[in-house]
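By written order: A, B, C and D. Residues from 1 in each chain.
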């Protein structure tokens, strides 16, 4: 029998090893799997390469993971936001690496990484500093940059509803990188606000087919990053 | 609005001026910050669909406070709403829209724009700055028409329209139109053409605060 | 106001010009826009390059378009099926060109054609006759073939439900190439079994966002290819 | 089943033999024709999810006649059903599953298989033939384990397991296991190893109708 549901976030992240590459869904707070990230902080895996659009807010979630010195390198498109304090400080001190990738290139690199495509050409970043050192090539008279597919050992993803096959539905703009990260990671670990019986999801509306998912944990009332930041909370909880 | 605040158009007037030039039925992406104002000024009777690269086509007006949803936001991470006929999608599909030329117009801010339409709007290049690019480089390459929405000069009065950018580029030769507090300027192969000047702004003044050659339509 | 709904199939295909490249959705009968194809036969545009997984069945739909000598070249993965008689005969007589593309490569070429990506690398067809004459390149020790994005002037697509913005839902395995063809074509022309009011579609479940669609015609009870073949029908109707 | 019909396993027995080796929880793609039989023999208590490349994960049994749906078919264009927990998707997503290594097992037919696991199953290379490839080349490159389901010899008694294929290849070095009416053979770097022979088949006979060297496990 196929049952991808596990009991706790702790159990869900237990297999993450030191030095692994981990994709983390979310665009700012929306779609960020905060309970899974906190479980990864408790778990303690170090020397991680994190692929995520941002670098977290305040001192919780992804920012707390970075602050806890578990992250060696960030691959992201936008490492600073209004409430981002942890990453900028470490970066200025030279204590964390940054690979800056345009947002669309990041999404496509993740998707093709999961689609067996090792590289592709894109017009994005042509003639800019972000194309330096990259191969460029002319197609139909226009220059394009070659970009590599991106694969990860793990993805940590937040969704709204899941079933035991790992079929997923998302919530509004919290969908963002979740579906492509489930494709791009060898093992996808998902937190769902609700787990439903098999057959409850309309097969026409499933966004992430279960084949891209390995483990699901139900987190009924996920924490709100915004709320935690307003309350000036830190993880691990003081 | 710095030292220019008593001259020319204010930011809402610039937004309205841009909105007036967006045709009915256009698909439009609005950059973070000033460009977001454009949505408030679409003329009545026109239906314009706003795309936000974090996965929503059909962005509606800002929600009232108690209806804000942390999971319904725009690229600037501000709460938004979704109009009837909207749809959600993932990031790769979103940038298929962007990179594939499906979006008609993108309005972006700028640090500098060059005479040839080069845009610099993502990094000041200062050694201490945290570089952050977001979707800007995808947008300038993929969207059919790139409009820049900017103050004509920096806070300290330096021209933002220059012969050639000294900040790191977002894209080369990508800008089609520049809307500032002083003027509307079209970027053409033959140079920068002033299409319109704000009330109280004359061509001599405009030239004096612009770092690249300006032309007038015949 | 945005209103992509047009009144008739004839009106929908009127803009298709001689020599254009036209993507046609469908996998066998499932998802084949038969009314739009028949309208294209009536319309008479010639010298077409057709991108479609198959080459049609019997003497109706895509097969009838080919039989009517409107097609110069087929780009497809599987040009023969149980009921495919028209294409094989023309092909053997050298009267129609064939570009044979593996099915997954075809789907990806169409998708990236619509995504602004001019070329990508794939392991598919490496060391086979279908890789002959194509550039190959080694990534991580393994060989890959370079394939080009495919763009079309038009797509003819069948779906189940649409609204006036062109948002589409499909039916079961009739979805197949429809969504990527809407992406890959400059102008996408869609037949929908039902058109609904704006706001009736759940924004979470839209499969093809309206931005990829240009025209929609409602065809409430599309013909069944299977039925027509059983009845040995031909288009134009005798 | 041609001239072999009285010897070895029949096609249903081969299907059952393959099915017995598919583990619980596997994602499996079945090629058109003979391989489709495998679905009928999954041992009770195992949950196996069938993928069909035309856009369905969770293919169920064939429908009864009156419930056939022209728009719910498999890659062989035969009517199927969808199990609870199934989902539909478009072709690019479907081949992301295939090419990206997400599918565990694919069972395919063959014209020829070589000692090194080369597979020829899409074209006889005859000048008059209409070439048709479908998804076979994607499947052999992307799926983790490729199983060939074939008669041991052609109708005219020629070996289908050969030193090197003379038909055009589908993929080079892609086959892991061969299940025929006579035997189960593992393709390894060190050669072809006979794991099992059908009742009534001995190694000498098997060698006599095989065009490549066969080995026995020690």
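FYI, a residue touches a chain if its C-beta (ideal position, glycine included) is under 8 Å from a C-beta of that chain, and two chains touch if they have at least 3 such contacts.
Small disclaimer: the values here were computed from a predicted structure and weren't measured.
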**Request:** Show which chains lie in contact with subunit B and also with subunit D.
**Result:** A, C
**Message:** Please tell me whether A-B or A-D has the greater number of C-beta pairs in contact.
**Reply:** A-B
**Message:** I'd like to verify one number: the distance from the centre of subunit C to the centre of subunit D, where each centre is the average of its C-alpha atoms, in whole angstrom.
**Reply:** 29
**Complete:** For the pair subunit B and subunit C, the C-alpha centroid-to-centroid distance in angstrom is 36
**Request:** Note the residues in subunit A that touch 2 or more other chains, in rising order.
**Result:** 108, 111, 115-117, 122-123, 170-172, 204, 207
**Asked** For subunit D, which residues are shared contacts with two or more other chains?
**Response** 82, 88-89, 95, 98-99, 141-142
**Prompt:** Viewed as a graph of touching chains, is the assembly arranged as a line, ring, star, complete set, or other?
**Reply:** other
**Item:** Complete list of chain pairs which touch one another
**Value:** A-B, A-C, A-D, B-C, C-D
**Request:** Could you please specify the touching residues of subunit A with respect to subunit C in the complex?
**Result:** 108, 112, 115-123, 139-140, 142, 144, 148, 169-172, 202, 204-205, 207
**Asked** Across the complex, what residues on subunit A touch subunit B?
**Response** 27-31, 77-82, 87-88, 91-92, 98, 100-108, 110-111, 122-130, 170-180, 207, 224-226
**Prompt:** Of all residues in subunit B, which touch subunit C in the complex?
**Reply:** 24-25, 27, 45, 47, 49, 51, 57-58, 82, 84-89, 93, 95-103, 141-142
**Complete:** In their shared complex, subunit A is touched by residues of subunit B numbered 52-56, 69-74, 77, 82, 88-92, 94-95, 98-99, 123, 128, 130-138, 141-142, 168-172
**Complete:** Contacts from subunit C onto subunit B in the complex sit at residues 1-2, 111, 114-117, 163-165, 167, 183, 198-199, 201, 203-204, 206, 209-212
